[in-house]
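Below you'll find a set of structures to go through.
Shared chain: chain A. Partners: chain B in the first complex, chain C in the second.
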Partner chain A sequence: MTIKDLAKRVFLVEILKGMALTLRMIFTHAVTRQYPEEKRPPFPGFRGLHALVRKENGEAKCVGCGLCAAICPSKCISVYTSEGSDHNKVVDRYEIEVLRCVYCAFCVEACPFGAVVLTDHYEYSDYSRAAFDMDKEKLLANWDKFMAGPKGEEYFKRFWRPLSEDYATPEDQPVFRGGAGAPKALPGKETVEVQGGLSDAA
Partner chain B sequence: MITVTINGKQIKLEKPVSILEAAKMTGIKIPTLCHHKSLEAYGGCRLCLVEIEKMPRLQASCTQYVTDGMVVWTETGRVVEARKAMLEFLLINHALDCPYCDKAGECDLQDLVMKYGPAAGRFTEGKRKHPESYDDPIIVRNMERCISCTRCVRMCSKVQGASAISMVNRTSKTFVEPFSGGRYNCEYCGNCINVCPVGAIMSRLHKHTYRPWFIEKTVDTVCSFCGVGCSVTAQIRGNSIVRIIPESEKGLNRGLLCNRGRFGYDYISNSGRLKSPMIRKNGSLQETTWSEAFMYIAQKIKEIKEKNGGAAIAGVASGRCTNEDNYVFQKFMRLVVGSNNIDSIAGFAYAPARKFFEKIFGQGVTANPIQGISRSDGIFVIGGDPTAINPVLGLQIRAASQKDIPVATVGYAPGLKGFAANRLIPKPSTEAALLAALLTEMLKRKPLPAEKTPFEEIIGKIQPVSLNEAESACGIASGEISACVDSLSGMTNPALVIGRDIIQRSEGQANLLLLAALAQALNGRIYLSSELPNEQGLIDMGCLPDMLPGGRPVAVDSFRKRYGEFFNAEVPSAQGLSLMEMVEGAHSGNIKALYVMGENIAFNIPDNKFVKDALSRLELLVVQDIFTTETTRFAHVVLPAASWAEREGSYTNLEGRMQHLKKAIDSVAGLEDWKIIAEVSKVLGVDMNYRDSRDILAEIAKVSPLHKGVTYEDMDSGECMWPYKGEPLRHDLNIVGIDMPDMKALLKKPEKDKVYIGVDKVLFHSASLSRNSFALNSIYSEPHAKIGKNLAAKLSVASGDHISISTGAGAIELAAVIDSDMPDNIVLVPNNFEGRGAFRVMGWKMNAAFKAPALDGMEAVLKKLERVSAEVSE
Partner chain C sequence: MPAAPEEIGKKEVKTKELTVNMGPQHPATHGVLRLVLELNGETVVKCTPYVGYLHRGVEKLAENRTYMSALPLTDRLDYISSMANNIGYCVAVERLFGVEPPERAKYIRTIMAEMTRISSHIIGVATHVLDIGATTLFLYSFRDRETLLDLFEMTCGARLTVSYPRIGGVRNDVSQEFIDKLYEFTGYFPETIEREYETLIDRNRIWLQRTKGIGVISAEDAINWGLTGPTLRGSGVPYDVRKHAPYDAYDKVEFDVPVGKNGDVYDRYKCRMEELKQSNRIIRQCIEQMPRGPIMAPDAPKFTLPPKDKVLTDMESLIHHFVLITKGPIASPEGEIYSATEVPKGELGFYMIGDGSGKPYRMRLRSPSFVHVSVLPELCKDALIADVIANIGTIDIVLGEVDR
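Moving on, here comes the complex of A and B:
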């Protein structure tokens, strides 16, 4: 041990250095947030609570293709569909077990219509498991609560382009156009109506 | 030896095959759309194009055969480019509605587009428009999706032989349509659904509910409808079967199914299933607990046994129950109740015919592989339409016919019309005269050897019948008969397919003797049509009044003692009663208690009124079933059983193949039949300690000499064929107990003006079970009476008019359907629908030789009903 080290020990230099820092910090702004009184806005694209997109007519956008359930790595999505009165596909049940979800957002990516989203809501603790079993009604209510309006539109513009946009031209035609640079419909060319087509979503 | 190089891999081949097959042998997969392995090569989709060195153009590998020194590349840039272009062409008109389409996920086109790149379409023209067709109750056609691969059309005409659908229109407007227009009006085998590579033809039963990844479990099991025992795969979600599909590589059906197997499974989810045990109290059935029901049955059986002896109690087994159920049931009847009174509906035709043939040729003579039918060099069909009774067996006959193998049918077999070179339709109940004439002529051309076997001695004693005698008896021109003999005498190993119609006759034994003689003269193999999935099995399990498990006669002391020794119990030596004798016994009061397992005897036995009368006189009637039936209405105790999909066990099909029936879903309310019986037995003081069906099979393997060492694993291999690893009973060459037919009586002409009633076996239904299937009912919802055109003209009845059919036993009113091939003096009525079955008005005579009912000579009076007839489709 050198004399210099000994002096440092005797005069408590390190302690004084620390105290000086503490003293300095008294006059600066605190970094601690007073959560939950004070909330931090989530970054854009934050993957929080799930929601099902509601169309203008009030119904869910989901057509029940089941691709979200197919891709889900934790198998927490189950979709039950049936035949409707005019032979259309009806989504009877759309359920997400939120507690099993790993928030990978593959479901959002896989959805061809942009019908399922992860909202930026993250405060949903509860005392019962049942509260985390989301059914179709709850998921649609989540959309109304957290994503309705411009926020929802913005979400799809910025993060996930629904695959069905690739099918979009010409109007009412489910023709695969191969993304950007694909030729547009000839002007004045009549398109043929397709039964049960994708025009809604496109 | 041909040497071919595919993608640098060299293979040597014995004989030329297509490049596609050669590639498959080396493990190289070439994509296809129009090719299907059960169909001929077509070369239409151009997706299997490959590059062959020294050939300037790409070649379709499904039609191009390999030659020596050929060098093939399957995935070069040119090939991939060509495939991509083909897919782009296909997508011009193919609707891209994959999210709605039920085929998505198992669609060949989708997979190929995924593999060969998203074919960015350059076509701006609109797609062809074609509304989905919902005209049919169970098949939906979406012709926007059709890619004109013609698999369905080829399947329908070449394999199924129905030729119900065709491609119509030309070029891009081509699509598939049934000849009958919107509704299919075909055999509804659904094999077109199976081969469609896209979602153009699909089943409506699971429309919009199915996705391949929704399936939680698949179970390979056996079909529950007929004696063929096709292998099927049940796809399950939650606790329900979403779909039944055939497995293309497995089982004897090799990817084919019939309408019952493919669509009929929905009866298990019918809401009318029995849910709780019921006991009759104060005249009505009231729900109760299992234990109370067991106590009640046990106490009653005990009382009756003490008072009247075990012989006053009888049991009815079922061909729908598994081997394990039937084994436990006969054990219960023999050892616990102490009675050999056990029989089933199989005792009416299948069992007596089998016993008769085994008496002559030895045990297991009817255990011939079904696949062998299409490989034989001639087929002789008699006694029913195999395409209706055993549809997949019928397909073997059609396949043979398409290979130019001669087929002869005797009797009205509409499903083989157009497939049979010799089609003989004799007058009702005159088949014996025809058979005798056939035999006489055969023996003229192929005389019996000088050194005769005992059976040949018997054949020699059969009185000859000339062609003219036969012509006057059965109304078939002698030229036609001798043409049939010409055809038969050219066969060296024909298949004889025999149905119940000629067995359930007063001259049934004569018919069988003549058939056995024909089989001997022709060197033929015998196939017995079986309507229930396990008729063969229940016989092997000893559910016969005179047979123990393994086909050992009760009458032989050593077998009986040996069987009893396994359980330290005494097997009663007195031969039991046949089913018909039980009913008579119940009527006369000798039988006090009847235990019915999975059979609707009040409906499936002729003369319903007599049977119901007999049932109402019983002191105890216990019925185990899955639905409320005509029989449960008379029951004192009704016990809900588990359905076919809800139990494990084994079925033995008509060729003697044992197959493993696996549990697919959990039972809603019912218990397995063996479990119910074991519980009753426990209350009666005999503890049958079975944990599961495996324990029972292990016991069968020990007790039955025929089933030595049989396990479910053997069955899973698919090759658990008769005689398994066991010992068939050596057969006694001294054939005794065969009465010579009285030819004079058989040559008696039927009276001309009388009309006889017969049972029509409907392709779309299976006894009284299938009426609970929504799908089968939507295809065939109303029973029709079938009559010939002359009879119709006489009555001035048009198709769809209602007629009343009255006999001594009663009358029914049905819509008539006219079939020009039917004999003139017969009316055929199906026995499937409540209140309108043939057996409601059909009486019976006891066939003393078989102790089974004979159904011939039932006269009926037909009358046209004057009222507006409801529209009837055939």
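Moving on, here comes the complex of A and C:
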């Protein structure tokens, strides 16, 4: 052990360095949020609570094909249909057990009409489980609430994939535009040994 | 009546080992892991792990899902690195189907997998350090992880359980904002590691005393126990699936595989810290090299989903859409495959058997955490009880993956 090492040991150098760092941190901006008072808006395309899309005439866009129920990995969607007066398909009941949902958005991807969406609502809490057994009315009400918000229809287009453009090369496809800070030079060997053995314990 | 002083020591005192239950509800076991410790004073004579408290039967569930809708199940294996699990699954199915994702998708996946590695390693190290008694690093690392999770959310709408890759590509393209922000992050992150993480613990004498020479496992033993990932590399074995059987874009980027020397807790910690820098380096290269191009393979409409805008206008797409969702891919192959990818914890293997139906006939998972738990008795033998915590932290397990 050299004198330098001994001095480092005696004067608790590494501990003091650590303390200096934490002391400095006191004077930086806080990165935390005061959650219930201060909320960060979710990014567009956030996969939150479900909603059923309403058409212009006020009815649900869903035609009852049942594809969303078929793809759902947690099998939490049930669609019940019957034959209507002029032999059309009528959706009698459309239910989602929200508590079982895993928010994968596969139902959105499966729906050929874009009739079911996930909204930006992420605070699920209630006093009863029944509040989360969403039926058609509740899901339509979710849509109204969602459309009243700032996001609008553009929002759910982000799940409704794949589109033809995913199989092609769009004109404005983002690529790296160059940026500050060259990559840090690191050793170019296949493997690097990371440390120098037990003897160098401080 | 108390024994007379001269009689103490003469009388035969019967001793026996004390059995202590650690877990399943213990903050330091990183989940619901139960260890039964037989103690002789402070020393652990025997340690027996019991697993299965979080068993959900992922393998069995997958047999009843189409190839596509089994994907979200893999999110919930190692829930800290769900993106890497998703990619592992997609790579396995792609190999079974004989599909090749397009270049751009490969780069995006590599970027995502490395972001996951960073966020998993910083959590792994941070909780490890927290268990041993240092809180500050834990808080700093969550700040950096937040940046990455925000980027995940920006791209795919979820922070933890992402379900982002698809068989034959990825779900949607990354945005310009994503690329710029991530590149900015990779610019300052290596410095953050040095300035903050390493300043705090790298040479901290308490940390060194708790980690150096603790939980030593030789390279030979490590191989025999089937360890992978940083847990193996800490013992000096440079095995990394990304180097030995490259998938995605790993054969197009340069990176080093950090290895330790002594196989103790400290070396494994060092390997993880070094891997953070290497992952950072991979991300930078990927962003710089990422080409323009499609993000789904041209034949993907036959096994993922056809383009939405064609479903109601093109007959063939419509049929594919309905059949894919209700029955799974029509052209599902028969055969079996083992496919390994390097997830943050080690080698994640999928052994899949296809029987020509749209669902996997069998999906067997080789999860690194499960293998790593099995080495705990070896690491804890004759160790002090305080070192059990260090040993749990160092193998970096997530119980979702152990119990599946």
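Points worth noting:
Everything that follows uses one rule, which is that the second predicted complex is superposed on the first by the 145 of 202 C-alpha atoms of A that agree within 3 Å, B and C clash if a C-alpha of one lies under 4 Å from a C-alpha of the other, contacts with A are read in each partner's own complex, and residues count from 1 in each chain.
Going forward, a contact is a pair of C-beta atoms (placed from the backbone, for glycine too) under 8 Å apart; a residue touches a chain by one contact, two chains touch by 3 or more.
This structure is a prediction, so every number in the text was calculated from the model and none was measured.
Looking at the shared chain after the overlay, A:H87 reaches chain B, while chain C stays out of its contact range. Once the two structures are overlaid, the count of chain A residues touched is higher for C than for its counterpart among chain B and chain C. Of the two partner chains placed by superposition, A:K4 touches none, neither chain B nor chain C. When the shared chain is aligned, no partner comes close enough to touch A:H29: not chain B, not chain C.
Using the contact criterion defined above for the overlaid structures, shared-chain residue A:E109 touches chain C, although it does not reach chain B. With both structures placed on the common chain, the touch criterion links A:G64 to chain B but leaves chain C unconnected. By the touch criterion defined above, A:P42 lies against chain C but remains apart from chain B after alignment on the C-alpha atoms of chain A.
Touch criterion met: A:P73 reaches chain C, while chain B stays clear of it. Counting contacts as defined above, chain A residues 67, 70, 112-113, 167, 170, 173-177, 179, 183, 186, 189-198 meet chain B in one complex and chain C in the other. Chain C makes touch with chain A in their complex at residues 65-66, 68-73, 75-76, 136, 143, 146, 150, 153-154, 156-158, 161, 163, 166, 169, 171-176, 178-180, 183-184, 187-188, 190, 195-196, 199-205, 208-209, 212-213, 238, 243, 254, 256-262, 264, 266-267, 270-271, 273-274, 277-278, 280-281, 284-285, 287-288, 290-296, 298, 300-301, 304-312, 318, 321-322, 325-326.
Touching chain C in their complex are the following residues of chain A: 9, 14-15, 17-18, 21-22, 31, 42-43, 45-47, 67, 70-74, 102-106, 109-110, 112-114, 118, 158-164, 166-170, 173-177, 179-181, 183-184, 186-198, 201-202.
Interface residues of chain A, counted against chain B in their complex, comprise 63-67, 69-70, 79-84, 87-90, 112-113, 167, 170, 173-179, 182-183, 185-186, 189-198. Considering their complex, residues 91, 95-100, 104-105, 118-132, 134, 140, 144, 204, 207-209, 211, 213-214 of chain B touch chain A.
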